[in-house]
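Read through the structure below, which is laid out as structure tokens, and then see the notes.
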Amino acid sequence: MSQPLIEIRDLKKYFDTSQGPLHAVDNINLSINKGQTLGVVGESGCGKSTLGRAILRLVEPTSGEILYKGENIVDYDVNKMRNTRRDLQMIFQDPYSSLNPRMTVGETIAEPLKVNGFKGSREELSQKIEETMETVGLSNRLINSYPHELDGGRRQRIGLARAIILEPEFIVCDEPVSALDVSIQAQILNLLMDLQDQKDFSYLFITHDLSVVKHISDEIVVMYIGQCIERANAKQLFANPLHPYSIALLHAILAPNLRNRGKPKKVLRGEVTSPINPIPGCRFAPRCAHASERCLNRDIELKEVEPGHWVACTLFE
Amino acid sequence: GGETKSSSDKRDNLIYVFDGEPQTLDCAKTSDQLAYTVVYQIHDYLIDRLPDGTLVPGLAETWEYSDDGTEITFHIRENVKFHNGDVLTAEDVAFSLNNAIGSSQTSRITSAMDSASVVDENTVLLKLKHPFGAIEYCLANAQMGIVNKKAYEEDPEAFARHPVGTGAYQFKEWKTGDSITLTAFDDYYKDKASIENIEFRIMLDSDTAVMALENGEVDFTFDIPNTAIKKVQENENLEYYVTNAASTCYVVLNNEHEILSNKKVRQAIAHAIDKEALIAGAVEGYGVPAETPISTTAFGFPADFKNREYDVEKAKELLAEAGYPDGFKIVFTATETLNFKKPGEILQDQLGAIGIELDIKDVEFSVYLDDVISGNNYEMAVTEQSTAYPDADHIYSLYHSSMIDVGRNFINVRNDQLDELLDRGRVSQDPDERIKAYEEICELWKEECFTVPTYALQTDIAANKNLKGVIPHSPSVYKIYHYSWE
Amino acid sequence: MGKYIGKRILMMIPIILGISFIIFGILELTPGDPARNILGDSATNESVEALREEMGLNDPFLVKYFNYVKNALRGDFGTSYKSGLPVLEELKGRLPHSLKLALGSILIVTFLSIPVGIISAVKQYSFLDTVSLIGAFLLTSMPSFWFGIMMILFFALQLKILPATGVTTWKHFVLPSIAMAGLGIAVVVRMTRSSMLEVIRQDYIRTARAKGASESGVIIKHGLKNALLPIITVLGVEFGSMLGGGMIIESVFAIPGIGSMTVDAIRTSNTPLVIASITFSAIAISIINLIVDILYVYIDPRLKSNIKRAGS
Amino acid sequence: MMNVYEGTKETGRRKTVKRKSQLASIWTRYKKSQLAMAGLFLLILLIVIAIVAPLLANYEQDAIKQNMPIRLQSPSREHIFGTDHYGRDVFARIIFGARISLSVGLASVFISSILGVLIGSIAGYYGGKIDNLLMRLMDVLLALPSIFLAITIVAALGPGLINLLIAISISYVPRFSRIVRSSILSIKNQEFIEAARSCGTRDRRIILKHIIPNAIGPIIVEATLSIARAIIHVSSLSFLGLGIKPPMPEWGSMLAEGKSYMGSHQYLVIIPGIAIVMSVMALNLIGDGLRDALDPRLKN
Amino acid sequence: MSEKLLEIDNLRVIYKTDEGVVQALNGLSFHMDKGETLGLVGETGAGKTTTALSILKLLPDKIGLIEDGSIKFNDFDIVTGSEQNMRKLRGDKISMIFQDPMTSLNPIIKIGDQIAEVLELHRADMTKSEIEARVDEILTTVGLPTSRKDEYPHQFSGGMRQRVVIAMALTCEPQLLLADEPTTALDVTIQAQVLELMKKLKENLNTSMLLITHDLGVVADICDRVAIMYAGTVVEMGTIEDIFEASNHHPYTIGLFGSIPDLENDAERLNPIKGLMPDPMNLPTGCYFHDRCQECMEICTIQEPDNHIVDEKTNHMIKCHLFDRTKHSDDLEGKMHEPAFN
């Protein structure tokens, strides 16, 4: 296999809070190949967005390496990083707050071109914008509209257009559909997959919706309070989840059919541990039915239990 | 409470409005009329001044002059008690006099005095620098109060906030920013005062003070704002008293200023000023046009003298002759604190008519003092001069060239002829010669226009009409001892 | 909590130092000579110069400032140039009047504005709302000195039911308190209204209604208490500015308070008094803010953790 | 393959689309408030009066030149607002005074808003030490009652129009910088700023193009309200005798002069007072209306 | 047949806004029986919350207005009922769980007191200690330690807050529980906990529940009957089996199901409904869904379809011209659609 497009080694991001360091991302390793999608799932606040941001250096990682085509972009200086940004883009979770309300659709989409020194003429610029808008399925008549005049689906398409106009190699999609209705969600997901087919984009796809992540990802990382607890091929994970948390997560999915109706469900008990200054040991242990002495007081490594399937749990040590 | 009392129940207190607050009650260390008013109740004087202005023996039962008129021997009244119980001695008197003579605040009245010494227990000798006709007036001045030496020397600063005298009232309390209260002294050497308590209430805003007076919240105020006089006169609960004041208002021209040093310019200015309009606009008509720098109440005042009259054409001519046909620009320093802004605005208008453009610089009082009264930093201003004693000699310290810098000649007049005339007026013992000297001064003034006298002020009192014994007079420092409630 | 208060008080020190430095600096630039001011218009230039030397006025600026701070740290804030009284004495004499005035005003503001604000929020766009809004706007738009004068004209001169000036009885404080309250009433009515409007849109108000609570129960129990935070903040700010900012009202109504004293002190270059009084009002404002912040915690339990954190 | 998306069929209809620009929708919301419209009307009226003042009266002859024989005349047909203590026409002084009051208000707010925006945006955007330093400075200024500050500054620099402007401007800077800072703090953390950064936008562009346009609403509101405040402020200072140099007609100093006649000639204090109240009220109404119009949360 | 608890007939609700009149409910009709759980499903803006608020008569004052139609609760007419009578109903007979547990609790009142308030309002005869006991009991029921009743909402996690809200809604053992997206704001694992809890409580108390959601998975899990809403009307209603397993459906229902990624079936592409919900201020004529409908016929653009019962046994209703037997009786079978999820 060739060199991965993005490779992350021991990435950490701690936020300083007045009560101590908040371990938003704690020692994450992962890699993404060209044209592939890596899904990241986990509960709210487990550090998914922070991971995505840290990869793009929108927040400075506390430590660790981010290799883009083999080069560690953490070491880049401001200028070099600015030049690299055009290849690494992001689509944001909230289609409402991620668009500048004072800029028209056209301006928003043109902004990346402008700040990256687009050389062409005015006509070329507007042609490029119109092309991109067409690609994401936005009518050209909207070019002078303001975001507040548009619905969530269209807004998210603007975010998408802004991210792809520079033809990046890699896009972090931070819950791009969770604010949208199912049918619009489906439109956007289709679009993302089509674009990937056409342009060979690589995605880091963040979500908490398991059915979505399964649909779109090649590989999936399950996070729990800043850590990666399981990583596997999408099919593998759904077919054979190993970590108790992954299992609970999959169980919690409510399928839109009557097959599981009336059947008793396994429900997690216990409280989520705080990400601030967590004690060593499995962070899921307080809610885990299998927790034992062995889970406490030590860090549990991610282990490859079958080819391409990694899990961090004492049950598999 | 300050509410109107019905006239039937006799009051034992008087509320006297102050539009400011004294800095100190050390009579020798103040030149503030409000402080004078307070200390005037607390202290007695060697010579007393009755409400009608006549001088009568005070703590000095008798006194006699030496032959050359440079020494006075005072025989002090016996068995007079201070408020702290001490008995008045010659020590106290000599101390008080020397204290006043040594103070820089009293120069206007002590300039002729040299020193005082104790002759015996009841006799004090005051030496003068030169014979001085107005000396008795000076000794009756509020600054010359006889203080308790012991209390004063113990702690002068404490004394300044709690003076001890022999007067009809003793000090009771000073609430900073609010009031000063006095109460009648039981052991006063004359009859006890009729009104038991006096409160000097501080009301910084004179307009509101008048309102308080109209509402019966306070009883007595003097020098009321001109704009309020009419209403006070109409108010049936109030009595309004008025008389000529000892002060004159005049336009100050810095005689050392590049342009104003030109006599023709000064003459032009004198012609350009319409005194009637000035009186109307600045003091609501409550004033009389002034022709001379000498106070109307003073000995030596030439009643018939006429100065230059209002004549705009003449003024323009003179200005052209002086080389300023198009006029010039000049800074006028005013301070609202002394109500000098209004005359300034009117002069701005009047002088504007002959092309002199006044740039009014309205400054704080302290700046005004620093700029104008120091004589160093102004071009034109107005000022009001009151006489400490009713004698034309009062202009000496203002205009004699020896008084530049060390004295109060801030107009910076250096005129040998004037100096000579002033000296003559001062030392001569012959009244006719003196009168003549002052007449000549007036003629000289008309020619030179060192300053332009504009109007003489009135002094007035507005008081509760039930208050009896009120007589206005020019120093405007009143003894409440003489007052009583009807 | 104690720690938090301590910390807040410590934080006031640099502010006070900054203020005193700025005021010292400005007064240094201010023309006018305190010495001449003390001696008056009959003093000669020589005697003024001598007094300047004695008062240390001829020292370089930084030396003067340093001396001042040094003495202040020992609790000696200097003496008023004018009265020769220790500055603290002088303040003490004035404070009660300013305090009475400010208290009167803030009481008027509180008991008038909050009910009006609530009513106008609850009955948004009703006649009552419009009237109280227009009233509030009128009050905001009136310079307080003019409002004061108008009231004197009407109540004291025309109707003669209230005294115009002075400080002798509580009656004397009625008009000035109202005049001073004017602006505050407007601010608080508007704040109460908007804060209430904000709160009654919240989900928990709907929850309370869904429980079957009566309208007044919803407004008072669930609405007002939540809306109180910003209201208390503005009340605090208003009280602070009333304490320190009464100069114009005090001069219109001839009240011998801190404000009129300060104006006079500025005008007569009475530096120690100016600094002391402005420092005083800065401290008063800080203390009021602190009290407001502590009140917050009693009202809103969410803030307790913030304070604990800030204190540690 | 893209036929599932809306859009492709819709091109070419650009002109027919009903679109409201943001300004237009703010205006729609603004228009809804009758009070705000009344304020706007009043302000326009005042501005028109200020502009056409020379047509209604002669500055030199009516507003400046003294005429003692006709001093203190109550309102009449000849002098609809009467004459003052120098016999000047009060109406003329009021309308020429409008020019001064409005322009002093405008100018001081212009200066202070620029300074405030500068300080506030630097402090808010960069945070940390710079923020701390600037904000402590602002705290110090804020802890001084603004009228004190103004009095002190005027006492230091001397009275006069320019010094008054400086004094008022300085005392308003902290308010602006605080407002700007807090809106920048809230905007700074919104995702669209991050989005801008993620495509390599430089700080300056982010502040100027992304942050300030979004923070402008509260700034404009504050500015309108500050003009109102400044007018009161100027008149208060003039009232204390620290304002404009005579014989310039200014409402506050007219009031101060009139005050000594309030026992006998009430119109001298009532009329300038009403002029102040009217202009301040107009600006307050506008500011309040703008606040509502700019804040979509208050839509209903 | 069981007793009817709630009956809504031809309800029309509008919101008056600056921009215009929002037609939120356009002839909404459905009924609920005692003890049953009805799922109300629909996209954002379909009018689900409006329906619940109308039942409680808590539409925003002066903005939200009931224009037409009736709501009957146990024969009590809510639309014309007095505010006083409504207050007695709210919290006692009908209670509501709101969407967002983070904002629907008063942040400055202890949670115990918030629960007790319902009892104070409706159980005037209860003493303080009885109320206390009841609060403890209900807290235990929803699985919260009673020791925490003196804490404030911010001290609880989202799932726990939603339990508090549920506890509050259930203290008076209401006959009807309106649950407006009770789990949307929660994490999946927490959502599972809360749903389990609600199911259990509902069974114990025999409360009827109107479960508002857009999550078909949740519906499949706990509802007995389902009403699918589109633009303020019910376009399809039937038993859970009718909706999930029968073969006759409204085209919108088909689109809805097609939009959901299917865990068990790895389709490459999803089948979203094209287009967007109509602008509620400017509703299309005829069937509101016609411009997005792939089966759109001419009549659909002109005439609003009637409610057609396609299965008499279960009362499976579809509001679509496709099922108009009078017109299309012959080719009805041919127009049947394969549901996307099969």
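When the chains are written out, they are named A, B, C, D and E in that same order, and each has its own residue count from 1.
Going forward, a residue touches a chain if its C-beta (ideal position, glycine included) is under 8 Å from a C-beta of that chain, and two chains touch if they have at least 3 such contacts.
As the structure is a prediction and not an experimental result, all values here were calculated from the model.
K.L.:
Please give the intersection of the contact partners of chain A with those of chain C.
P.N.:
The shared contacts of chain A and chain C, listed by label, come to D, E.
K.L.:
So using the touch definition from the top, which pair is joined by more C-beta contacts, D-E or A-E?
P.N.:
Counting C-beta pairs in contact, A-E comes out ahead.
K.L.:
Using Cα averages as centroids, what's the distance between chain B and chain C in whole Å?
P.N.:
Once rounded, the distance between the two centres reads 40 Å.
K.L.:
What whole-Å value do you get for the distance between chain C and chain E if each is reduced to the mean of its CA atoms?
P.N.:
54
K.L.:
Whole-Å distance, chain C centre to chain D centre, using C-alpha means?
P.N.:
For chain C versus chain D, the centre distance works out to 23 Å.
K.L.:
Chain B to chain E: how many Å between their CA centres?
P.N.:
Once rounded, the distance between the two centres reads 92 Å.
K.L.:
Can you pull out the residues of chain A that are in contact with at least two other chains?
P.N.:
As it turns out, chain A has residues touching two or more other chains at 187, 190.
K.L.:
So which stretches of chain D touch two or more other chains?
P.N.:
In chain D, residues 4-6, 155, 158, 259, 262-263 touch at least two other chains, as defined above.
K.L.:
Mind pulling the chain E residues that touch 2 or more other chains?
P.N.:
Chain E, residues with two or more chain partners: 272, 274, 276.
K.L.:
In their complex, what parts of chain B are in touch with chain D?
P.N.:
Interface residues on the chain B side: 207, 210-211, 214, 225, 227-228, 230-231, 276-277, 280-281, 336, 341-342, 344-346, 348-350, 359-364.
K.L.:
What residues of chain D sit close enough to touch chain C in their complex?
P.N.:
These residues of chain D touch chain C: 35, 136-137, 139-141, 143-145, 147-148, 151-153, 155-158, 228, 232, 235-236, 239-240, 252, 255, 259, 262-263, 266, 269-270, 273, 276-278, 280-281, 284-285, 288, 297-298.
K.L.:
For chain B, which residues count as touching chain C in their complex?
P.N.:
1-3, 21, 23-24, 30-32, 104-105, 107-108, 157, 160-161, 175-178, 201-205, 208-209, 211-212, 214-215, 217-218, 337, 363-367, 369-371, 373-375, 405-408
K.L.:
Under the stated contact criterion, what part of chain E meets chain A in this complex?
P.N.:
Touch residues, chain E against chain A: 43-44, 157, 187-193, 195-196, 214-221, 240-241, 244-245, 255-264, 266-274, 276, 341.
K.L.:
Report the residues of chain C in contact with chain D in the complex, numbered from low to high.
P.N.:
By the definition above, chain C touches chain D via 14-15, 18-19, 22-23, 26-27, 29-32, 130, 133-134, 137-138, 140-146, 149-150, 152-153, 157, 190, 194, 197-198, 241, 244-245, 247-248, 251, 262-263, 266-267, 274, 278, 281-282, 285-286.
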